[in-house]
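The structures come next, written out as structure tokens.
In the two complexes below, subunit A is the common chain; its partner is subunit B in one and subunit C in the other.
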Partner chain A sequence: MNYADSLIYLISSLIAVSAFYIQGQEFIVSMIRGQSVQSVLIAVVAFIIAWEERSYDFIILGALIIILRAFLVNYFLQKRIPKQKSYIYEGKVNLSYLFLVDLIFIVISVFILYSVAFSGIVLHSFLENSGNSGVLVFPLTLFFQGLFLIASRRTTFTQIIGYVEEENSLVLFAMFLLPIPIIIEASVFLDVLALVVISSIVVLEKFTHEPVEELRG
Partner chain B sequence: MTPPLNRWLNVDVVTLLETLTQYFFVILSAPLYAGILAKLKAMVESRNGPSIFQPYYDLLKLFNKVTIIPRGSGVFFKYMPYVLFGIYSLIALIIPVLVPVPIYLTASGDFLSGAILFSLATFLKTTAAMNSGSNYVALGASRAMSFNFLSEGTLITVFIAVSLLTATNNPYTTITFLTSNSLENISLVHIFSTLAFFMLFFYETGKIPLESSGLQELGMIDEGLNYEYSGKLLAVVKWSSYIKQYLLGSVLLNVFLIPWGLFSTSPIFLLDIPVMLAKWSILIFIVVIVETSLAKLRLFRVMDYLAIAFTFSILFLIFVEVIP
Partner chain C sequence: MTIGNLLAVLILLIPSSVGIFYRWRIKEASIVAAAIDLALSTIMYYFRPQTGFFFVQNITIIFIMMVLSVHLLSTVYSTRYLRGIENMGIREPTYYLLLNLFTVSMIFSLEVNNYGFMWVGIEATTISSALLLITEKTEASLEATWRYIVLVSAGVAFAFISIILIYYSLGTLSVSVAIASHPHSRIIVLAVSLALIGFGTKVGVFPVHTWLPDAHSEAPSPVSAMFSGVLLPTALYVLYEVYEIEPVQQLYVWFAVISIVAASIFIGYQTRYKRMFAYSTMENMNLALLGLAAGGPLGVTGAILLLISHSFGKAGAFYSSGNVLRFTGKKNIAEINGLGTSMSYTSASLLLSSLAVTGTPPFGTFFGEFLILAEVLSLRMYAQFIIVIIFLATAFISVNYNITGMLFNGKGPHNERDRLMSAISVISSVLPLIIGIFYLVVYIEVL
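== the complex of A and B ==
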């Protein structure tokens, strides 16, 4: 394993840690900031791949991630936090049990999905151990962590962040798996940005809700 | 030429010396680190502080005091401190806490058995405390147990993570492997198991983000179990907890943080004593920084802290299985 590989693994694991950090927060401001840090880490992965593959696409991708995810999404979400209530937080977050349930959920889902669908995939990338797709475990973890975040919380803000986290995981997945044309990536980013802007208006309408509430009719 | 003692007793004199050095060093030097920590902490807080030998004076004082056994307490309460001392003594002989080569009794257990012996000691300590018949201690025991289920899990998982690196459960092999392959020290599983074990070290030894001996009833976790002990029994219990701190700290230093620097050939193995003292001064320095810069967590947050340590250990144990 060379240094770039080790660096990619280390940063990917930090991305997983940031997902757990977001899961563990009660304060919405810290969650939004955590999401920014996560996006910056994903951008760093893009820059490393750009350096190793000598590809400009990944540099543009990294820059887009930083501008759109780390700054704009952060900006729009923070703007929606009521001015006098910068302290708003979700109470009754029982972190220890939440983490245990989260751990069971992620371990089971990631490893079933990985071993069934992804273990045989051969990666295109520079990652030295080509033929081994182990690095895909990180985006999968991030994806399921985003899902769990949406399922475990009631605040609309948190659920938007969970959604953004899922999108982050897809970007990371795409970076590891195969080079997607940059135009598609960019449109996905703008799409998510528009979605965040629209859904942040929903926040004003309804600050918290139960996940199944809307289904009752 | 084989020395005469060797022929007569059929023992390896060097190994015997290493065993005795390790055992007596662990037993006798264990209270010293608590003394140095208290002194350094006092200096940071601009106090004069107690002497670094204060834990020894305390133990001596307690040994000379009368032991009071509460009415209604059982045999467990009375004799378990000695059993605890014995268990920690055995652990001191089977894990690399001073000499980095196997000594006598090393073969009696591997890394995992070390972890399980720690768990056994915790279990016996709680049982003995419950046997004191005091309501306050029962409260303390229930508090300790509500945290311990996560900490014991983390301890065992971390030790399994370490054994995964070398595909063996022998800590001595792990040390040799880590010193000869330095790059493995920055492998994911090693970094995160070190982090988890570091977090665990603070919990198990009652350091400040989790437990403060200054705030007796409010913050005590482990101290709650010692409530009814007095005199000689309290001295033995305290001494055991100093040894436990030394053992956990030395495993953290020798296997996780700084595996380099230990000597194994005779008679140079005696140099391990200053090396261990130097390593411990680094650890104490880190502990002082953490203890003086962080506030104590509220009691119900301790479980969250341990859940994070447990999550780290489990998650990266599994990641490493997939990633080469």
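== the complex of A and C ==
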């Protein structure tokens, strides 16, 4: 494993840590900022790969991640946070319990999916030299963290962040495996941004989500 | 640029350009755009683009015409339906703009020759249609909108893993190239299986269907008609295009069968008619999935026949439901009776459409179901055949028992206040019958 491989593994672990950080937060502003940091870290991975593979596509990809995910998504979400202090805090959440369940869920799901489906996969990027596909564990961790965040929380903001985290994992997954054409990646980014904008409109109307009698059954 | 490509671009551009009329006559512009688009799609039948950015096969053109027909009906129906809404969540011009963009995103998903862009198109259908759900703003519609956004987006994310794996295995995302390549690898099997969860969320495959009844029941009726009639078939088309790369037949067939069972059980205890029709859509979509997964000329023809007939039948059911809701203000099946005397045209369309969506002969849906089940039998899938037959019968009894109760129990004063709304629901409900009779005549001629 050379220095670039080690750096990729190090930053990928930080990305996974950022996902756990978001999971451990009750304050929505902290979660949004955590998502921005996570996106910047993913952009750094893109820049390292760009440097190693001398590829302009990865530079464009990294720049898109910073502009659309780290900056614009953050901007649209922060703009929608109500001024009242009570609204920016997600109550009724037993964080220590959730964190424990999250850890068990992530370890089991990532272990099963990786060993069944991805353990024998050959990476097409320069990471191929590191000899195994272990680096795919990080995007898988991020993906399931995003899903868990959506499933475990009740506020609209947290669920949007869970979705963005899920999308971040897919970008990372594609970067490690084989990056899809940049035009498609850019369209996906714009799609996700539009979805965040649409969701942020719903945020104003409905902040938390509880069962509704009319939607039972 | 070939004529086919030009037509494909025009079909996307015309509804998109309706936004120019946002401040002035967008309603009329939407109807004109929908009609022109439908006319162009019939011309495109003779000039199908099959290379480059667009890939329109015989089956694609059927889906495109289906989408545009239901779009035209829904646009005309909306002009009257929206008048009665007291608390509108979005402005009327925004509604028409989003309805057009929703159609454009579906057509884009169908026309494009790239799995990546197909995913983008399917995601765009969620973006463009999400706010349409809060046209009638209530606590329930806001919650349904949110569930729709989160569940569908989270589910469709799985499909993107599938797209990445396809690109990893084949080095291309071109639909025409991928289908022709016939690769056999573990990764492709994984990709096709993940697509079932991903795109299956939008199709209404159990257990990732949970957004479907909420969104259908809380959306305004013309939007519910588009969801049931054409959005789900569009997602099914995309899923089928992925399936064609490497048919994982047993997995798809069993998921379809289990989904039919689940939908039929859910139909049985519904107390609201729109929600009941939503589960009926889930049942029909999975039956079509069963046909496509079974394959063969019978399975595929049956699925297409079922989808076309169902799209008009279910649109008719939702337009009729819209009439009932608008003129009675009631959502519960138990609260409604005497429709046969109070709303004669609507009751006719409701009866015809419920018979159509439950596969009654001689509606087109019946022949579709018949062909699909014939293919299932020819593949010696006896267990699947028996399970499906039992639960189709269950759904048939549940839906028609509830609807006939609404129509024939008691009497009520005349309450049909809008002829155009009634006319559209009748036209839409009669079409599956015409399709069925046409198929029967052609079939007898061929024999």
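As a convention for this text, the second predicted complex is superposed on the first by the 202 of 217 C-alpha atoms of A that agree within 3 Å, B and C clash if a C-alpha of one lies under 4 Å from a C-alpha of the other, contacts with A are read in each partner's own complex, and residues count from 1 in each chain.
Just so we're on the same page, a residue touches a chain if its C-beta (ideal position, glycine included) is under 8 Å from a C-beta of that chain, and two chains touch if they have at least 3 such contacts.
Since we're looking at a predicted model, the values are computed, not measured.
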Per-residue touch tally on subunit A - higher for subunit B or for subunit C: C
Partner chain in contact with A:L95 - subunit B first, subunit C second, else both or neither: first
Touching partner for A:I150 - first (subunit B), second (subunit C), both, neither: second
Touching partner for A:I184 - first (subunit B), second (subunit C), both, neither: second
Touched partner set for A:I108, first subunit B, second subunit C, both or neither: neither
Which of subunit B and subunit C A:G24 touches, first, second, both or neither: first
Touching partner for A:S6 - first (subunit B), second (subunit C), both, neither: first
Touching partner for A:S199 - first (subunit B), second (subunit C), both, neither: second
Footprint overlap on subunit A, where subunit B in one structure and subunit C in the other make contact: none
Of subunit A, residues touching subunit C in the complex: 117, 121, 124, 143, 146-147, 150, 156, 159, 162-163, 166-167, 170, 173-174, 177-178, 180-181, 184, 187-188, 191-192, 194-195, 198-199, 201-202, 205-206, 209, 212, 214-215, 217
Touching residues (chain side subunit A, partner subunit B) in the complex: 1, 6, 9-10, 13, 16, 20, 24, 95-97, 99-100, 102-103, 106-107, 111, 114, 129, 132, 134-135, 137-138, 141
Residue numbers on subunit C that touch subunit A, as the complex places them: 89, 114, 116-117, 119-120, 123-124, 126-127, 130-131, 134, 137, 139-140, 142-147, 149-150, 153-154, 157, 160-161, 163-165, 167-168, 173, 187, 190, 213-214, 217-218, 266, 269-272, 275, 331
Subunit A partner contacts - residues on subunit B that touch it in the complex: 150, 186-188, 191-192, 303-304, 306-308, 310-311, 314-316, 318-319, 322-324
